[in-house]
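Chain naming follows the written order as A, B, C, D, E, F, G, H, I and J, and within any one chain the residues start at number 1.
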Amino acid sequence: MVSMNNEVKLDTFPNPRPERDYTITHACAEFTSVCPITGNPDFGEITVEYVPDRLCIELKSLKLYYFSYRQRGIFYEAVINQILDDLVAASHPRRMTVTGKFNVRGGIYSVITAKYDAVNPHNEP
Amino acid sequence: MVSMNNEVKLDTFPNPRPERDYTITHACAEFTSVCPITGNPDFGEITVEYVPDRLCIELKSLKLYYFSYRQRGIFYEAVINQILDDLVAASHPRRMTVTGKFNVRGGIYSVITAKYDAVNPHNEP
Amino acid sequence: MVSMNNEVKLDTFPNPRPERDYTITHACAEFTSVCPITGNPDFGEITVEYVPDRLCIELKSLKLYYFSYRQRGIFYEAVINQILDDLVAASHPRRMTVTGKFNVRGGIYSVITAKYDAVNPHNEP
Amino acid sequence: MVSMNNEVKLDTFPNPRPERDYTITHACAEFTSVCPITGNPDFGEITVEYVPDRLCIELKSLKLYYFSYRQRGIFYEAVINQILDDLVAASHPRRMTVTGKFNVRGGIYSVITAKYDAVNPHNEP
Amino acid sequence: MVSMNNEVKLDTFPNPRPERDYTITHACAEFTSVCPITGNPDFGEITVEYVPDRLCIELKSLKLYYFSYRQRGIFYEAVINQILDDLVAASHPRRMTVTGKFNVRGGIYSVITAKYDAVNPHNEP
Amino acid sequence: MVSMNNEVKLDTFPNPRPERDYTITHACAEFTSVCPITGNPDFGEITVEYVPDRLCIELKSLKLYYFSYRQRGIFYEAVINQILDDLVAASHPRRMTVTGKFNVRGGIYSVITAKYDAVNPHNEP
Amino acid sequence: MVSMNNEVKLDTFPNPRPERDYTITHACAEFTSVCPITGNPDFGEITVEYVPDRLCIELKSLKLYYFSYRQRGIFYEAVINQILDDLVAASHPRRMTVTGKFNVRGGIYSVITAKYDAVNPHNEP
Amino acid sequence: MVSMNNEVKLDTFPNPRPERDYTITHACAEFTSVCPITGNPDFGEITVEYVPDRLCIELKSLKLYYFSYRQRGIFYEAVINQILDDLVAASHPRRMTVTGKFNVRGGIYSVITAKYDAVNPHNEP
Amino acid sequence: MVSMNNEVKLDTFPNPRPERDYTITHACAEFTSVCPITGNPDFGEITVEYVPDRLCIELKSLKLYYFSYRQRGIFYEAVINQILDDLVAASHPRRMTVTGKFNVRGGIYSVITAKYDAVNPHNEP
Amino acid sequence: MVSMNNEVKLDTFPNPRPERDYTITHACAEFTSVCPITGNPDFGEITVEYVPDRLCIELKSLKLYYFSYRQRGIFYEAVINQILDDLVAASHPRRMTVTGKFNVRGGIYSVITAKYDAVNPHNEP
């Protein structure tokens, strides 16, 4: 478990097959935050794909974690990097990728993708 | 043949071309089990892709094997790893991948994928 | 040309550019055979992708070759390996892949894929 | 509220705009029952469209009502007529249509649709 | 029950709600017959939509009935009118529509639709 | 203009062709409110189709009006009837239909549709 | 049979159920003619839907009839009215509709539809 | 021919079958104008469907007519009514419908549809 | 520029960024030739993807080049290899791939792909 | 920031996670320029995918930058290389790919793709 600014906890449960590398994907099409400049809501779909180590992310707490962004003013690029950092801190996965597909604004549709690997944690070039 | 907890047997038949590496995929969109916490049904699509060695999995017994999960309480992550273990035990394939795509719960859609390779059976990192 | 059990001949014609490696794909969504256990018809789509050497497969005879399966009792796995063997024997390609996508039976959709390479003819592991 | 054979109650709540004719549709792609002849599971999508009178159908109890079919042996035609009868008895709508789209069995995909109208309750010819 | 040329019987069972007009649709994407001119197979999807009176058409016998066309030489237009006549004779529905969507031949895709109504049995103009 | 509980105003502008009956549709896939029972967010797509009389609804204020539901606890059925009432009060259209398609909850996808007609304002039966 | 400018004959065969009104549709996605102004080829899909009287249109001659437009300079609007006139003259149907969907030219996609009814042959207003 | 503000002429040609009521549709996915408030470009697809009387609209001049909106500041509702008025003035059709589907702005997708009928020219209620 | 049998010239223009490797793709869904055996038209979509060196292929002349096949009798396999040879001769690209997707004939859909690389011009095995 | 011919500035903001390699994609389906030969508008979808270094591209200025092409006469190949050069000059990314998908002209649909890599800036062969 890890504590966020706004007091939402990401729960985990023990990985049922830690001896095997396998992949878990959770896609949520109901993500919404607020644009820090205009104050208007942003909408997007967040997908998390990871190889668990000893912990799996519990689905209900993941849903509540996403809800914690509902009234926060934050840019797309920061959203994806923050979610990756928080989920890595909570579950210590072997590998994890977070992708956000954000709805059209001003005629432009945006996708942001960030990755973590326990061997090269910050995906440095 | 292998025996499961609830007495379902996975039948096999001899591979008609064991001298050749080739791929068999069976996708079943009618998988259902029960959530061990809420007692509500879960629904998903299970796909098995494998390279047979001396045995092929018989389709009708695969269907019945999936039916054996209908009243069992089990988490997504455990479902996929259990199916992979059971099918490997029954058919001793050269390689096998099991994927489960589970219906939306709490606004989140989940996919779990686990792999087996006879050379590195537990896909260890 | 090669002769099948039921007297269908697979015709060929000279490859117009044998000095170049290039790829030919023929997909037939009208394949039907008979289940050897139940006697019920099976339906599927057969795709052949190959790099010709000196011979190309003639389309009309390929259609007739597929028709020769219409009343034959044969399993999915055997269908695909048999088609691959017959087309290789008739056209001696550099490489060939045969894929069968078979209609849902008992809630399960199946795909079988087998490959041939002149360098490693039986795709041995 | 109405009581079913297997003790599931369909809850209702007061219609917030009874003075207006408007339409409510609930579609559930997770319906499953059992074939009374083979004992194999059937799968389908049930859609209910209705114009409420004084009562609206509560969603959670509708979900539980569908779950009550999970182990019942019943034909497609009877499923749809039974659901229509039970929902009419529980909510007394002005009009209601129940549609079931059932998964392929033996190469055949089936759809059953039954309607109720308070003016002509049994939709008699 | 009704007997066809090639001895296939269309079974029926009692309509569970004869007092109500409702609609049953069965779609089969695995229909195949033979072109009476070229001897080549034809392929299509047959859809039957009907309002039952006292009898419903049994699915397994409908599947076998379609199989009886597998080796028959018959034109598209005759196929659809014959199926309509046979199903009406076997089940005496209140209304019935039979539609055939036939695969591309010579670059042309064909659809044939014929209807029966107990009040105007031959849909005369 | 009309005032809502939470002080959002729906702006309008003069219809450029009031002498002609024509149709305007605005679809917003970014609607979100809160379930009054669980406190969880609901998500949906709201479509408004109307024939203007002397006033057209201004798009930016419509967007802000939808945002006013972001933190309100309200049932699906009440959402749609409330939006219809508010838009009718603000723009006095000749005819208007409001449709909400709400995301899957408990395996059930819901659609609510309500209509207004200046001749029969409450669409009474 | 009817004779066209360029000597193509539209063959017909006797309607197998003249006592019944039923519908035949033939769609050809391989229609091409020439623009009478630029001399560039035009491409489109022609669909014919008709209720036969005593004659049905034979498919192979319909294909050849379409081929007769391959080198003709003719406008979209004239193509569709000409096909309707020729097919009516050849088969004397009870009702017929001809639709042409023509590929994008100058960023504009065009569809032309013309109808014939034996009771009001020219579809006069 | 009719003259627009910015000197674009809509050309016409004689209807090849004026004695028959038939339908012509032209869809252009490359329409763009300018928002009169923000000065930002708007994008949309304009579809014109009409029954010609003595004149048909010439495609190239229609394309140029749409280009004349490229730098004009104009609201969606005015665009559609203006196009309808101009095309009616140029071609005097029996009936005409103009539809504009405009790209998402502020999360809202808009469709405007206006109709003309020579019997009731302004589609008055 | 290169001259073809039927006097069509493929025009080129100077590559605006010859110092950079980048990719150009042109897809034409309006290709038609004639079957050299039956004399019937063939239809397909031709896609050219290439990395230009000093010359780019001019679009209008490419369109006219494709038109030159309209009345030529030629097999699928020869079409693709001929187009590749002609375009390479006209534009001397660094790399080029030509793909033809040909419409269904006898129930079979065909795709042919040939590649050129300036380092290994004939893609020899 | 960088200055273009027509005085549009591409704004940037600091990358919130410069220590991590991650990917940002912006797709705009509302790009339009003018053909330098015919003077007719061209339409396309421009997609930019990049790995930021110290700067991210600000969305609103990207939109305005695309608008600056609205009245410019420029070829497809030049458009894509120019956009890549300008965005690289403004944001100094680690890697960037620009893709343009341009609408059908003369029956041909075109896609152009150019890449930049800070290690090999001009993607030289």
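Following the convention adopted for this analysis, a residue touches a chain if its C-beta (ideal position, glycine included) is under 8 Å from a C-beta of that chain, and two chains touch if they have at least 3 such contacts.
A quick note: this is a predicted structure, and the numbers were derived from the prediction, not measured.
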Chains touching both chain E and chain J: G, I
CA centroid of chain G to CA centroid of chain I, Å: 32
Inter-chain centre distance, chain C versus chain H - centres from mean C-alpha coordinates, in Å: 53
Length of the line joining the C-alpha centres of chain D and chain F, rounded to whole Å: 28
Overlap residues in chain H, where contacts from two or more other chains coincide: 29-30, 40, 43, 63, 103, 106-107
Interchain contacts (touch definition) - all pairs: A-B, A-F, A-H, A-J, B-C, B-D, B-F, C-D, C-E, C-I, D-E, D-F, E-G, E-I, F-H, G-H, G-I, G-J, H-J, I-J
Residue ranges of chain F touching chain H (in the complex, touch as defined): 13, 15-17, 19-30, 51-52, 56, 59-60, 62-63, 94
Interface residues, chain H side, partner chain A - complex: 40, 43, 103-104, 106-107
Residue ranges of chain E touching chain C (in the complex, touch as defined): 29-30, 32, 40-41, 43, 63, 67, 70-71, 103
Of all residues in chain G, those that touch chain H in their complex: 75, 77-78, 80-81, 105-115, 122-125
